[in-house]
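Same chain, two partners: chain A is paired with chain B first, then with chain C.
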Partner chain A sequence: MQLFLEQLINGVSLGSLYALFGIGFGLVFATLGILNTAHGAYASWAAILGYYAVEWLQVPFPMAVVIGTVGGGLIAIIVDQVGFQPLRGRKGGMLGALITSIAFLIVLDSLAGTATGHQSWAFRPGHYPDGLIDFGPIRVPQMQVIIIAAMLIVGIGMHLLVQRTRIGAAMRAVGWNEEAASLGGVNARVVILITAFLAGATSGLAGVLGGAATANISYQLGEGLLLKGFAAVVVGGFNDVRGTIIAGVLLGVTEVFVSQYLSSTYRDGVTYVLLLGFLFLRPRGLFGSGSFIRA
Partner chain B sequence: MQSSKLFRQALAIGIATSLGFANAAIAAPDAGEYQLGIISDDTGPIASAGISYHDGADLAIKEINEKGLAGEGVTFTLSVKDSASDAARSVQATTQFAADRNILAIICCVLSPNAAGVSQFAIQSGLPVVIYGATREGLPQEPYITSVVALPGPQEVLLAERMAAEFAPKKVAYIKQSDSDIQSARATKVQKVMEAVGVETSAEVFVLGADTDFSGPATQAMVTKPEMIFVWANQTAGIGVITALRQRGYDGQIVTSDIISPPAVFEKSGATVANIPFAVSFQPGVSDSSTAQAFIDAYKADYGKLPDVYAAQGYTAIHLIAQGMKSLDGKPTRKALAEAIWNITEIEHNVYGGQQMENGQARTPGTLIVNWTKEGEVKRWEK
Partner chain C sequence: MEMLLDFWAAYSSTVVFAMVNSFIALSMYAVLSAGILSFTTIVFAAIGGFMAAQMIAGAGLPISVAIMGAGLAGLAASVLLAPLFLRLETHWMALASLALVLITRVVVLNAPALTGGVNGMLVPVRVGVMEMAIWLALVALVFYRLHHSWYGLATRAVREDPSVAATMGISTWRIQFIAFAISGAVGGIGGAGMAVTLQFISADTYFLGAAFTMIASTVLGGSFHWFGPIVGAFIFTALPTLMQSIVPSIQDVAKGVVLLVIMIYLPRGLVDPRARKLRKAARERQTLRDHHAPLEPSHDTILPGKTSKEAKA
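What follows is the complex of A and B.
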């Protein structure tokens, strides 16, 4: 039972990273209509910025998380304005945006590799919360608790933002039809910037927290999250934060349990077969709306 | 008459022998600049090690050119093609090097599948290759493919025997990388030694090289309450596993391979990797031969950091080529150089305090069992 519970927490924590990453990924797709593969690079860069902040500027870890998160958001804005905005003006379509995002992924990953000397870095012990918290017989690393809490706070906050606020309504309106939203008085340019920032920031948060928890801060960090985050978004339904959260957590738990009780060798294979099976039964995902055109 | 014939025969043999010795005495490659190639891993998933191999090779080139170690007036240049650890790019680089007749020999490959692909094409093209990192058995092929990296096995056995003798553990767990035949083979060697002396295997946990989260595998191993956990995986995965074990408060003995030997690993992980024994053949602070010390000093002067075991292997690969080159006469050909390298039985210039070669394959040099201290020094391991 102890093993089951500990592995469950491991799975929820891992899945929380996928969910955090996937929230921004889904937001950009739903609002801006971009399948943005460069999203992975935001996570890598945020982790690198967080590392610089702790190890070079000697800031405390919470401040490093803020720096990495804001940094991820700002990089996302730059990418959007440099790469995607010109395409919007020319009605470049989804394929053009996808290719542009791949180009940015390669460029940002290469720069991240250069910035880290192609090494994998890690926060030093004592420079991040590396203790354990006792829950009865179960001992849980502090970072896992922080990751799960961050996912819940950001997930609920993002859901409320999108569904209950004027900004969220504007984001949904732009996602539905940018021109119609503009005619209705929505400043689409501002909405696009806010969306890009939020997406980059959530990806960045996943990057910093994931980098600390797994002792792996490198240009490859985002690559590991990209496919899993995408899967969480697809299963959850592209335009609903709740779906991404649930799907991300389920994905993490499935991975850990398959490794524990079946085989780590077939972990990804089994996990994705289960995902495919789910999508066969429910193509729109958990919360995806039937009228969602982009998906 | 008979004696006269005998005298003439003896004279002829004497002259021929003298000429032979004289010829050997003056055997030297033509002076000039010769090009070597490196299929590097400067970018890609194992660039952290790949850059070290490359740096070590560059340093060897510089040293050989300055000291004339490849022959009087002979200098080398190193042409670089980065494979990013991609097998297809490695083979592509080999075809380009093979087509360039100025390239006399190449060094390459950290990953065994890449080395196998490169070797196949190099043999077809008659291009000498010295492998510096890949450890799959059977890679050397006479005369074109040689390897300066010892096969896994003896070091792991020595390490396991020492751990069994000093700790006498009852239960041990093994965390292995299932998608690496080399790491799996090394782990199996250790496991056989431990089981042979009656140590129970409490868990065999498998991870993948591309994994980043090791909380699950760490939990899986720890729940069996082993007194010792052997971690056998590539550098990123292995350090991830060790970190996950530490984060979960595992207070038993962790044992691993030379993946934690590079000074950069201690800079990254600090106390996380302290007091973990590992076996290496070269380590700054412990390797004390004059050649090793000179290599360490020169490396530090050029790169501002200490060399690791990978830099030593890149360095050795180039010195093996220089040794082969030095034994040739006139204008060297690829085939003549390959044969000269293949016939080398001891690498003269090495940092291991002795490095024998057998059929193109380096034999295991002296083994050091060491550990990092919390202060960042490497010392011979003591319980």
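What follows is the complex of A and C.
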């Protein structure tokens, strides 16, 4: 029972990382129509920035999280303005932005590899919350609690932002039709910048927290998150924050339980089979309406 | 002549890799030209690659037979997959194909009897430059013929506007199904090509890295004409070698920047039939103007009661 509970928390916190990461990925896909392969690189870079901040500038860990998060957001804005902005209004569809995002993936990953000397770094003990918290029968690492809390706060905040506020309405409008939104008085340029920043920042947050929790800060951090975050977005439905959160947590729990109770070789297999099953059975995600608009 | 031979000795392997990558790029182009963004090419390549490796290493068959077998295996896989994929909307199709690439890796890793599992597979033979060139020429010929056929016209219509195409009596589903089938066969051949040039294939050979680089080179070369993917594959294969000799420390960064710059300034790729037609039309207008200018009435001369000199004054 104790093992089960501990593994459950493990899974939930792992899934929270996927969800946190997936929120931004889905937001960009739904609002800006970009399949952003460079989204994982934001997380890698945020973790690297956080590491620099803690180990070189000796700032406290919460400050490093803020630096990583804001840094991720700023990188996302740069990528958007340099790589995606010139392609807007040319009716290139998804393709052009996909290719420029691949270009940025190559550049950012290779720079991240150089920055870390192609090694995997970890925060030194004591430089981040590495203690355990007592919850009656089980003890939970502080980082896991922080990750779950961060995911809940960001997830609920983001859901409310997208669904209940004027900015969120503007984002959804731009996602549906940028031209019509502009005619309706929405400043599409500002909405795009906000979306890009939010996506980069959530990815960055997932990167710093994940880097600290898994003791793996490298250019590969982003790729791992990208694959699983991507799965969470597909299962949950890319235009729904709630779906991404639930799917992310479910995937995390499944992954941990499969490797605990079945075999670790099936760990990724189960995730991806689940992913493909969802795609064909519920192609619009957990909360999808299922209505198709065919051109 | 000496120099040419030296050059060939140093770069012949790059040329073979470029030719192999051309198959993969053409396979991506096959679906792109029908308006589908899909990474399934890599899946077909994996199937073709391991098929060819088994045929050569296991059954001892010659390379050309293995490549044919790989093409057929890719074709079979695509025919099975296409109906599933064509049920999905474009955005979801792209995601589903990416998911399938991830799953392929897991399957390859967990089927050691067929693929060597984590250890991968060694392929004992290496394909010759000539043989690869002949295969590429054959496939290119098929694409050339298709481009100028009714099917080629129909794919362009489906890509530009599916609803208009449907109004014209073109079955979008059928065109895209055929596109998938072509993509599967060519992708399988490309995968086999990778097996007989790299001589070692594993789950990582056919993964996201290949998927991203190959879609990038396809679009870079131009996804509106069959020659574009070949140009793109050659450039993107030669680029790292070139960068290695110019800026070795930041060759990956340079590769990304080149890709970015080309996509921003030439978003339709290097080979773009529309741009060529526009240039041709502009040239024709120019020659027309040069020849007929004196005959055409200008604004000055039609002003009533004044000669052109007076009008200007």
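By our rule, the second predicted complex is superposed on the first by the 285 of 295 C-alpha atoms of A that agree within 3 Å, B and C clash if a C-alpha of one lies under 4 Å from a C-alpha of the other, contacts with A are read in each partner's own complex, and residues count from 1 in each chain.
Simple rule for what comes next: a contact is a pair of C-beta atoms (placed from the backbone, for glycine too) under 8 Å apart; a residue touches a chain by one contact, two chains touch by 3 or more.
All figures in this text were calculated on a predicted structure; none of them were measured in a lab.
Asker: After the chain A overlay, clash or fit between chain B and chain C?
Answerer: Superposition check on chain A shows chain B and chain C fit without a clash.
Asker: Identify the partner contact of A:W176: answer first if only chain B is touched, second if only chain C is, both if each is, neither if none is.
Answerer: neither
Asker: So, A:T265: does it touch chain B (first), chain C (second), both, or neither?
Answerer: Both partners, chain B and chain C.
Asker: Just checking: does A:V107 make contact with chain B only, chain C only, both, or neither of them? Give me first, second, both or neither.
Answerer: The answer is second: A:V107 touches chain C but not chain B.
Asker: Let me test your reading of the model: by the given contact rule, A:A122 touches which partner, first (chain B), second (chain C), both or neither?
Answerer: first
Asker: Give the angle at the C-alpha centre of chain A formed by the C-alpha centres of chain B and chain C in the superposed arrangement, rounded to the nearest 10 degrees.
Answerer: That angle rounds to 70 degrees.
Asker: Considering only C-alpha atoms, give the closest distance between chain B and chain C in the superposition, rounded to the nearest Å.
Answerer: Comparing every C-alpha of chain B with every C-alpha of chain C, the smallest gap is 5 Å.
Asker: Touching chain B and also chain C: which chain A residues?
Answerer: The answer is residues 110, 265 of chain A.
Asker: Which bits of chain A are touching chain C when the two form their complex?
Answerer: Chain A residues touching chain C: 29, 33, 35, 37, 82-83, 86-87, 90, 92-96, 98-100, 102-107, 109-111, 223, 227, 230-231, 233-234, 238, 265-266, 268-269, 272-273, 275-276, 279-280, 283-284, 292-295.
Asker: Across the complex, what residues on chain A touch chain B?
Answerer: For chain A paired with chain B, touching residues are 2-3, 6-7, 10-11, 13-14, 17, 110, 113, 117-122, 124-125, 130, 132, 139, 141, 143-144, 210, 213-216, 218, 220-221, 224, 255-256, 259-260, 263-265, 267.
Asker: Under the stated contact criterion, what part of chain C meets chain A in this complex?
Answerer: These residues of chain C touch chain A: 32, 37, 84, 87-92, 94-96, 98-100, 102-103, 106-107, 109-110, 161-163, 208, 212-213, 215-216, 219-220, 223, 250, 252-253, 255-257, 259-260, 263-264, 267.
Asker: Sort out for me which residues of chain B touch chain A in the complex.
Answerer: 42-45, 47-48, 50-51, 178-179, 205-208, 210, 212-217, 219-220, 223, 235-236, 239-240, 243-244, 246-249, 264, 268-272
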